[in-house]
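Below is one structure, written out as C-alpha cells; the observations come after it.
Order of writing sets the chain letters: A, B, C and D. Residues in each chain are counted from 1.
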Amino acid sequence: MELSEIASALIEGNRKRVQELVSLAIKEGVPPERIINEGLIAGMQVVGERFKNNEIFVPEVLISARAMHAGMDLLKPLLAKSPGILKGKIVIGTVKGDLHDIGKNLVAMMLEGAGYQVIDLGIDVDAEKFVESVKTYNPDILGMSALLTTTMPYMKVTIEALEREGLRDKVKVIVGGAPVTEEFAKEIGADGYAEDAGSAVELVNNLLGIKSA
Amino acid sequence: MKTRKIFKELAYPSKDEIIFGKAKYPLKCGFGVEIGNGKVLPEVNFTLPPMSIHENNFLEVRKRFRDIVNRILNRAVELEQEALVLELEHLYELTKNPEWGAVITSDIKGIMEEFNNKYGLKSALRVTVADIRDQERPPRMRTGELTEIMFKSFELCAKEGADILSIESTGGKEIHDRALLEGDMAGITFSLGVLGERDMEFLWKNIVDISKKYNVIPGGDTACGFANTAMQLSHQGMLPKVLASVIRLMSAPRSLIAIEMGAVGPLKDCAYENPILKIISGVPISMEGKSSACAHSSPIGNISSYACDLWSNESVQDVKLLSGFAPEVFTEILIYDCRLMNSAFKMGFEKKLRDLFILSDIYLDPQALVMSLDVAYESAKKILNNENNYQRTLELGKYAVFVIKNALENGKIKISEREKNWLYKIQEDLENLPQDYREIWERIYEDYKDLFLKEEYGL
Amino acid sequence: MKTRKIFKELAYPSKDEIIFGKAKYPLKCGFGVEIGNGKVLPEVNFTLPPMSIHENNFLEVRKRFRDIVNRILNRAVELEQEALVLELEHLYELTKNPEWGAVITSDIKGIMEEFNNKYGLKSALRVTVADIRDQERPPRMRTGELTEIMFKSFELCAKEGADILSIESTGGKEIHDRALLEGDMAGITFSLGVLGERDMEFLWKNIVDISKKYNVIPGGDTACGFANTAMQLSHQGMLPKVLASVIRLMSAPRSLIAIEMGAVGPLKDCAYENPILKIISGVPISMEGKSSACAHSSPIGNISSYACDLWSNESVQDVKLLSGFAPEVFTEILIYDCRLMNSAFKMGFEKKLRDLFILSDIYLDPQALVMSLDVAYESAKKILNNENNYQRTLELGKYAVFVIKNALENGKIKISEREKNWLYKIQEDLENLPQDYREIWERIYEDYKDLFLKEEYGL
Amino acid sequence: MELSEIASALIEGNRKRVQELVSLAIKEGVPPERIINEGLIAGMQVVGERFKNNEIFVPEVLISARAMHAGMDLLKPLLAKSPGILKGKIVIGTVKGDLHDIGKNLVAMMLEGAGYQVIDLGIDVDAEKFVESVKTYNPDILGMSALLTTTMPYMKVTIEALEREGLRDKVKVIVGGAPVTEEFAKEIGADGYAEDAGSAVELVNNLLGIKSA
C-alpha cells in the first residue's frame, strides 16, 4: 500500500478508513515513524494548508484531527519504543481564574495538525500545575492562554514560578489570547507571542528552528 | 416554578412602527432616566485595563472605577447630553466576591447622584452580574456554591444601587462551545432549544424575584456566549458566516424566555437578536454596532441600530488615547450617534434614517441580512406560531437558511463557495433533526454527556 | 514668487449643491482611488504608542508602522470596503530625518500595493510632513536649516510613494500662541491675517513645485495650530468658546491660500474651516468629527461631516483595545460612518442626511453654529468680496460675532454670562482694529517682536 | 492703607494701581512678607478661585498675574534679604525634543498664582539642564511637561540623570502633559502626576504638605 492513501483518507476526514489503512501498514511492517510522517502528518499538513488558505473551516479540520487521533491510537503502543519522532512536545493550558477554552483548543488543534505532540492541561491551570507539567513531560514549549484582562497577569506569576524552580531555561514559553500583546509578552519575559491560532504554529516552528511547510 | 407569560400577539401589529428610540413599554429608572420614550440614549460600558483584582489592590480597583465614571459623566455634561445609562459589567472577581461588586456599584451610584445634583445629568445604572456558574466544569447550574454566590451578588448589587439587573447567561454553553466548533447542528439546537430554555426559566425566575424584592428593573439577557461567539469565530475565519447567521436567529427564542419570565428591558446590548424580542414584547432594547468596534468587529455596525432604545459600546478598557481615556472617548462617539437619531425625530425623518441604517449593511453579510427588519418581523411571527421552545429554535434555524438561500438566488448577496456548501449542509442537518426534543436528546446524549450535568437542568 | 489664483466666484452657485461625497473637482490617485466623485471614503490616521524614536529602535518603529497598516487594510477587506485613504502624519523625528520618513512611506505604500494586488483594495497615501520650523525659537520660517530639511522630507516622501502631500503649517503661530492666551484680538488677527498669509504663500509655492516635480497631489493645509488649539483650550475651560468660534472663521482665509497657490485637495482632515474652502474652490475635503474623539473631544461631531469627501479619525495611537488595536477599531467605525452616507445616495436621501448632520449640533455650541452650511456659505461669499487677506480675516471675525449674537438674540443658542461678556469684548476689539495691516503692525510690534523674525516673513 | 486694596487692584487686573499701592506700602514700612502674602498672594488666590469656579478664563488670570509680577518687581530688591517667604520653589520645563509650551505656561501661571516661586526653564530642556537647575535653585519641586508620545519617555531619562547625580532625594518630581498617565508617572518613579493645569496646584500643595485655599 501507499502511505499517501492514509493521508488522503485523513484529508477526507474518514476516520474508519484511516484506521483500516494504518492497521494494514502496521501489518505490512512499515515502521511507525513512516506511517506517522508520510501518512498522518502528511495528511494533516494538507488539511492545515487548506485551512490557512481559507478553503475549509475549523469543523473540517476537527474531523480530520479526529481521524488522525484514531490512527495514532493504533500506533501509540509501538511508539513507546521510538519516542521523539514528532516534531516537538508542547504543554498548553489556560491560566488560573480563566476558564475559556475555545481559543486554547484551536491552538492545540493547529499544533497537533502541524505534527506536534500536545499535552493539554485544560483551563484554570495554576502556576504549580504548569511547573509540575514541565517537570513531568519535559516539553519543548509551554503555552499559556488568557482571555481576560484580569487573568492575563497570571502569566507572569507562572513564569516567575518557573524561574524559582530553575526551570525557566529548560522550556520556551509562549503566550496568547485576546488581551495579550507582543509588548506584554516581552515585558513578562515570554519567548514568544502569537496573535491567533494560525500564527501559533509558525511561532512554534520558528522557536524550535523548524521550517514551516 | 413561576409560569411563563406566553405572548399571543406581536406588540407591533405593523412592521413600520418599529423604530429606534420608541418602545411600546418605556421604562423610568435611576435619576430621572426614561428609556424607549422617544429618545435613544447612550449606554456606556467600561472595564479595567489589564490588571489582576485581589484584596491587596482592591482600593486601587475602586479608585479606577470611580475615575472612569467621573470622566464619562464629565464628558456627557460637556457635550450637553441630558441623560445616559451606565453599565457595570462584572468581571468574574466582582461577582465571586459579592461585597466587592456591591461596593463598586455603590461607588458608581454615588458619583451619578453627585452629577445629578450638580448638573442635572440624568443617569441610570445597569449592573450585569457575571454568570460564574461555568467556572466549574461541568457546571452546577442550580445547586452549586457558585450559583448561590451569583444570586447573592445580584441581591447585594440591587441593594447598593443597581437600577437594572442583567446577565449574559451561559445555560447550555458547555455543550454549545463544542457543538459550534464541530458545526454540529444537533448539539447547537439541543443547547439553545432545550438546555438554554430550562436554564433561562430557572435563572430568570430568581432574578425577577430579586428585582421585585429590591424594587429594581429586571433588564434582560443575551445569547452572547452562543451567537456572538459564533460571530467572532466566523469573523476570524474559523467558522462559516452562514452558521453564525443561523445561530443568531436560533438564539432568539432562548433570549425571549427572560421576558416571558418577567424581564422588562432594557434588553442587553450585545443581544443582536433583540429586535425580534422588541417586536414580540414591546420592551425597550439596548443595541451595539459600529461604536462597539472597540470590543469586537462586526458586520452589522449600522443595521443593528434600527430599533435600539439604548446605544452601547459593549465594552472598552480604561486605556489612554490621545484625547483622554477610551471610556470617555466612546461616550462621546455614542452621544453623537444618539444625537443623529434623535435629531431625525425633529425632522420627521426617523423612519428614513432607520431604513438607511438597514440598507447600509443588509446585503454585505448574511449576518446583517438575518437581522434586517423584514426578517426580524417574520421571525417574531414564527416564534408566536409555536409555543414549544425546541421547535421554535429549530424553526428559526430553518428560516435563517431560507432567507439566505433566497437572497442568494435573487442575487442580493454574495457568499463564497465554501460558505454555500455549508449553507446546504446546515439546511440538510436541520431538516434531519426530529421535532421532538426527546429524540434529539437520545441522539446526542452519548456525545456530550461528559460536558454537562442533566440534573442541573431538571432533566 | 508664483502668483496666487484669485477666486472670482464660488464653485457652488447654489448652497444646496454642497454635499458630502461630491466635489466639483474630484481627484484620482493612488491605487485607483477617486475622491469626491460620489462616495465618501475613510481616511485612516494612526500613530505610534508612547515610545521614543531613535537610530537604535528604528527597525522596531518600521515594523510597528507596517503592523498597523496591515491590520487597517485587513479590516477594510473584511468589511468589504472598496477604497480608503491612509494618512501618515509625520512625528517630528520622521521629518527631521527625511530618510526615515521616506522609508516608512515606502513601507506603507508597499503594503498598500500588496493589498491592491491580492484583494483589489483601492487605496491612496497622504503624507503629512511635520512643520519642524517651529522647533527653533524664534523660528526661521524661510532660511533655517530646518526649513531645508522639511522640504527635503517633502521631496523624499513624494519620491517614495506619497500620493498626496499635506502639512499643518505654523506660520504666525509663534505670535498666535501668546495672543490666544491673552485673548488679544490684534495679535490673533495679525498672526492669521498677515504672518499666516505670507508664510502660506512661501510654503505652498514650494510644496506645489515639489508635487509637480514628482507628479503627486498637493493636498492642503489646516489652521490646526490656531483654531484647533483654541477649540481645545476652550474645551478645557481655559478660553471662551466664542473666542474659539471667532478664530475658526478667521482662519479660513489663511487656509484658502494653499488652494490659491495650487493645492487641489483633499484638504486636511482637522481643518474645520474646510467647507468654506470647498464652497469657494470646489476641491474635495477631508473632515473629522465624532469618530476623531480618540484624538480630541469636539462640539462638532456630526455637523463636521456635511460636506466631507474623506472622513477621518484624525489620529489614534497603536494601543490595544479588547477587539484589536485602536487604528483598526477606528477604521471600522469610519467605514460604517461612510457606509451610512453612501447608502443615503442610493435612497436619494443624501441632502436630508446632510441637514440632519447639521441639525444635530448646530445650536448646542457656537463653534458648531459657525460651521453650519448657511454660515459657511456666507463666509465664502465674504471672502470673495475682498482680496486683501488681512481684511478678509478681520471681516470673518466680525461676521462670526454677528452670527453668534444673532442666534443669541433669536434664542437659538444659549451661552453663559461670561461667554457673553467675551463676545462683546471681542466685538469691540475687532471693531477697533484698523483696516490697514500696517497700522496693526505698529500697534503690536513692540509686544511681540521677541517672538518672531520679521525677515522670515518678508516684512 | 489696607493691604486688601492691593489684592483688589490685582483682582481687577489693574497693574498700574497695584504698582502704586505696593510702592506706597513699602514707603509706609510694611514688611515685604506682609505685602506679598496679604496683598499680592491674597489677590491671586481669589483670581485662582474664580478661575477654578469657572467664573473667568485664562486671559483674565494672565492680566492679574502680570499685575502681580509688576508688584513683585518692586519687592524683589527687598526680598533678597528675607528669602523663603513664598510657599515653595518650583522649577518647570518641557522636555527635550518637545517645544510645546502652552500647557507648561498654564501650569506655571497657576502655580505662581497659588503663591509659588516658579522658575521656567522653557521648552526643549535636556536632562543636563534639569540637573543643573536643581543644583542651582535647590527647588522643592521639579516639573516636567511633554505633549508628544515620542518625547514623554525623556522624562525617565531626566529622572535617571537626577539619580546618577545623587539629587533624586532632594527634589520631588512631577510630570504632566496630554499623553502622560498616572501609571506612567509611577512607572518612571515620579512623585506625582497632574491631569491638567488646574490639578497641578493641588498636587504641589499635597506634595509639600500645604493646605489648599
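Assume contacts are C-beta pairs under 8 Å (C-beta built on N, C-alpha and C of every residue); 3 or more make two chains touch, one makes a residue touch a chain.
As the structure is a prediction and not an experimental result, all values here were calculated from the model.
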item	value
Distance between chain centroids, defined by C-alpha means - chain A, chain C (Å)	51
Inter-centroid spacing, chain C versus chain B (mean Cα positions, whole Å)	40
Chain centre separation in whole Å, for chain B relative to chain A (CA means)	34
Mean-CA-position distance for chain D and chain A (Å)	60
Multi-chain contact sites of chain A, meaning residues that touch two or more partners	149, 179
Touching two or more other chains - residue numbers and ranges from chain C	47, 317, 320, 322
Graph class of chain-chain contacts, one of line, ring, star, complete, other	other
Chains grouped in pairs wherever the two touch, ordered by label	A-B, A-C, B-C, B-D, C-D
Interface residues, chain B side, partner chain C - complex	47, 75, 78-80, 235, 289-291, 293-297, 299, 301-302, 315-317, 319-324, 326, 328-330, 332-333, 335-337, 339-340, 343-344, 346-347, 349, 352-353, 355-357, 359-361, 364-365
Residue ranges of chain A in contact with chain B within the complex	54-59, 62-63, 97, 99, 101-102, 105-106, 123-124, 148-154, 179, 184, 196-197
Chain D contact footprint on chain C (complex, rising order)	47-53, 91-93, 134-135, 137, 177, 181-184, 229, 233, 236-240, 317, 418, 422
Complex contacts: residues of chain D adjacent to chain B	149, 178-179, 181
For the chain B and chain D complex, residues of the former touching the latter	320, 322
